[in-house]
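As written, the chains take the letters A, B and C, and residue 1 is the first residue of each chain.
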Amino acid sequence: MKKFFIPILIVFLLLTSMSFGSTKLVFTVHWADYQLDGIKDKEGNIVVKGLKQYVEEYMKTHPDVEIEVRSVAFDELLKKIIIDHTGGLPSDVYGLYSLWGVELVKSGILDEPPKDIQNAVRLLFVKPAVDGATINGRIWGVPTEIDNYALVYNKKLLAEAGFKKPPQKWVDLVNIASKLTKKNPDGSIAQYGFAFLAGWDSAVVHPYLALLYSNGGEFLSKDFKECLLDRKEAIEALDAELELFRKGATNTAASVYNFPNGTVAMMIMAPWYETDLKLGFKDKYQETVGVAPIPYLKKPATCGYTWFIGVDSASKNKKQAWDFIRWMTIQTMSNGATRMGELMAKNIGAIPPSRVNLDKFPNELNDLYTQTFVRELIHTIQEPNVAQGQEIKTALMREIVEAWNGRKTAEQALKDAKKKIDEILMENY
Amino acid sequence: MRKSLENRTGAGYSFLAPAIIFYLVFFLFPVAFSFLTSFKRWNMLTPFINAPFIGFKNFLDLLRDDLFIMALRNTLFYAILTVSITLVLALFYAVMINKARFSVLWRFIYFAPVVTPQVAIATIWGYLYNPNSGLLNAILRAIGLKGLNWLTDPNVALFSVILTAVWAGLGGSMLIFTASLNNIPQEYYDAANLDGATGFKEFWNITLPLLKPTLLFLSATGLISAWQVFDLPYMLGRNAPAKSVITVSWYTYEIAFQDLKMGKASAGAFLLFIAIFIITLIVLRLFGKEGIEGYE
Amino acid sequence: MNRDRKKLFWETFRYAVIIFGAIWMILPFFWLFSASLMTPQELLAFPPKILPSHPQWQNYKEVVKRIPILLHYKNSLIVSLSVTISVLLTSSLSGYSFAKLKFPGEEVFFRFVLSTMMFPVFIFLIPVYYLMRLFGWLNNYLSLITPFIVSGYGIFLIRQFILTIPDELLDSARIDGASEIIIYFKIILPLLRPALATLAILTFIGQWNSFLWPLIITTSAPQLTTLPVGISRLSLAFATTETQHLILAALVLQVIPTAILFLFLQRYYIKGFVLSGFSEI
């Protein structure tokens, strides 16, 4: 034994000295100030934790790890990631929109998660979120946020016109919307029966995809080699939207941002609009706002999109990064929820995609607004994680907007969209 | 005399030295880099060296893209209208205000849009253009006209952007006109008045010719920056059909940072440069036989 | 009598036209300030409110609590002032050179300077970022300042102004033996006051309100964060109604220093300041 004592001591010392080096992780997200710093009361005490509080907690229990949180506005985040990369200074951990993830994986920028995390994602997260984190058949990160769309309607306006329940089928929606549209003396619309979300690619494309899926249609072929929007189901889905325009129930000047002031009766909306509605309707919120599944064409369906957290393949601290991610998103706290889930539900106001979290936050997830979105998760189909996803969606958005403006028929618009999208797909698959 | 000529060359170059060094570093390198990029396919995530050369494909793709052609058309339209309207109004108001009382106050008010950040301008005008609750439609309705869908109607959207741009840029041009107006010696006006020329005659025969260098400057720089316009159309025009309102800078920016096609975007930037170059050349010719050197 | 009536008419016309324009110019500005004192609900109101029912001065307090505004002011000030001074210097030197000093290659180089203005900004983003990293300036004010220390616009502006200065003035000084540097400092600069004031205010505003480049640099170097980038941290992705009132208040805070600078520089626009000594010729 004595012979081995010194070598063992040396090895022991070497091992312990290696773990003494402190690691620095850079974590880049797109959240606002209070989402990072926490929500405080008048005295400055933390009422709802922000990301930084969780990070501090982790650093206390892992003193050799230092985590720096950086935040860039959503519009700028992808650009920031790219420029950091070309400048040779990437972050270690990212909060990514799944379509960005596709581009990063294509270029080998993301690190493949450890097997245990991949398995955990497959088992513990809802299907659309798992699909969102899956690129080319493999899982590349842990989903942190899942969003989908539902019909948000003004109960009062509907009741005034005699409708006690929201429409279940699309044809009923068109009917109710036309009856709820009121005009000004000069012909412009004073009250809209319906308003479409617009202004960026997801806004226009996601609700359309919801209708497409509801009509039994497909966006792209399974191997991503072809765009399938020239098929009958796709054209019918767009025509369903155009019915609202044809019946005068909406037009391109309609804005969902007028819903909180009571001049829009119905809209297709996502979970992130809750605070605006509460602010707009104040104490009339409960009696005015209603949420229902999107009225379907053939079967209930809605479209979803996902955010996931991933690690850069050029990071020098991949193991520590994944350890932090595991602690934040997979490990549960004493109350059975994950920390990321708590941050999402209580602070960010989004739907945490891990099943264990869905019943832990009744105030946030089972309330008037969010509960329908959560219930609709089973009908949610994740948008396809296709390469050049945003370019494809923008091309589709432009054609849909042309159709909305009456400058193209549904068939022509989708034909043109398919042509452009097929070109893009050909470059990549 | 020869001695002073030599002196001036030395001084000429040494005065320009900082500019020369700056342009070598911060201009020639980036432009060369981008020029090279325009012949490659590069998504900025893989190393630049590995990006494949694809010849003129980026340029051809853009010239065949009807959206890019529309962007050129929109940008041209925007540039000509914005610059001409802004210059006429700026000169008009500069002259009006220069001899008025409280000129400092008026100049401050007219300059207010220039100090305002673009995001505030877009927010403010977003409200003004609101079809139902906006001030502009309220005024139209008050005089018996129908309200317009300022930001969503494809026939109107670009004009709305132009209107906001004129509003935002007027004060800056006005300020430069003011500085030039005050540069004209009073003696010229005194002499002319003695000959009986006042008011409009005075303006046409003395003021305007002496403002030529300024007009040249404002037209050239106005067009150059109008051609590159990005913020206002992007922030105001999101809800109109793209074809009717997209500008070249907006489109190339999107190609770079959304489609991740930096090669194609760089090609677009060079095509834009060519367009600006040609237009500026035309304008400079209009202002004098010798172009920029001629200002008499 | 007729002449007086005519004069009165034109004077009334003058003021009517000025005031009409002024209303349009100031209206949105006024709304910005008014809206910054509203509550989020009031901002959503329909029909929209022009004045807040109770001015929410605490919006400003809230902004100061949530973002380190003094730090942002300091950073913005350092960057904007440095760039402005540098641009004034380089533009006047180069502008004088192009306007009055004849030397071989002058025309070509001036056209080159003009053409540098014709390239869209995003071409420069990545290469200049590379350069900043190469020089090791990424955590330094230098990365925010150096890409802007020379301005083609400034050179062009000053050149046009200097062109209006009579050659005789300069030649008589040269005959007296003055070197170009002396001429530059003693004759040119004083005559350039309104032009320099104009260039100063426009450059300062351009830097003060600049968003894209500071965003790229300061997100990896948060201690350098300038005001517009700091303010953007208050906004949420899509539904920013929650913080809109704070953003508006922050924007007012952003506007005030440039407005003050403008007022301060107005003294250089008074006629007569410019050409003192001119009549001696």
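The definition used in the following text is that contacts are C-beta pairs under 8 Å (C-beta built on N, C-alpha and C of every residue); 3 or more make two chains touch, one makes a residue touch a chain.
Not measured: the values here are computed from a predicted model.
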* Structure fact -> In contact with subunit A as well as subunit C, sorted by label, we have B
* Structure fact -> Relative to subunit C, largest Cα-centroid distance belongs to chain A
* At what distance in angstrom does the C-alpha mean of subunit C lie from that of subunit A? -> 39
* Asked: Once you find the CA centre of subunit B and the CA centre of subunit C, what distance in Å lies between them?
  -> 15
* Interchain centroid distance [CA atoms averaged], subunit A/subunit B, Å -> 38
* **Numbers and ranges of subunit B residues touching at least 2 other chains** => 44, 132, 257
* Among the residues of subunit C, pick out those that touch two or more other chains and give their numbers. => 46, 126
* What positions in subunit A touch 2 or more of the other chains? -> 79, 83, 86, 258, 263
* Can you list the residues on subunit A that touch subunit C in the complex? -> 28, 30, 32-34, 37, 70-74, 76, 79-80, 83-84, 86-89, 257-258, 260-263, 272-273, 275-276, 279-280, 282
* Structure fact -> Seen from subunit B, its contact residues with subunit A in the complex are 43-46, 48, 67, 131-132, 137, 141, 146-147, 149, 152-154, 238-243, 254, 257-261
* To do: Under the touch definition given earlier, write down the residues of subunit B that touch subunit C in their complex.
  => 4-5, 7-9, 11-13, 15-16, 18-19, 22-23, 25-27, 29-31, 33-34, 44, 89, 93, 96-100, 104, 106-121, 123-125, 127-128, 130, 132-133, 135, 167, 170-172, 175-176, 178-180, 182-183, 185-187, 199, 210, 213-214, 216-217, 220-221, 224-225, 227-228, 230, 248-249, 252-253, 256-257, 262, 265-266, 269, 272-273, 276-277, 280, 292-293, 295
* Taking the complex as given, what residues does subunit C use to touch subunit A? -> 40-41, 44-46, 66-67, 125-126, 129-130, 132-133, 138, 215-216, 219-220, 222, 232-239, 241-243
* **Touching residues on subunit A, where the partner in the complex is subunit B** => 78-79, 82-83, 85-86, 103-104, 106-109, 186-190, 198-200, 251-253, 255, 258, 263, 388, 390-391, 394, 398, 401-402, 405, 407
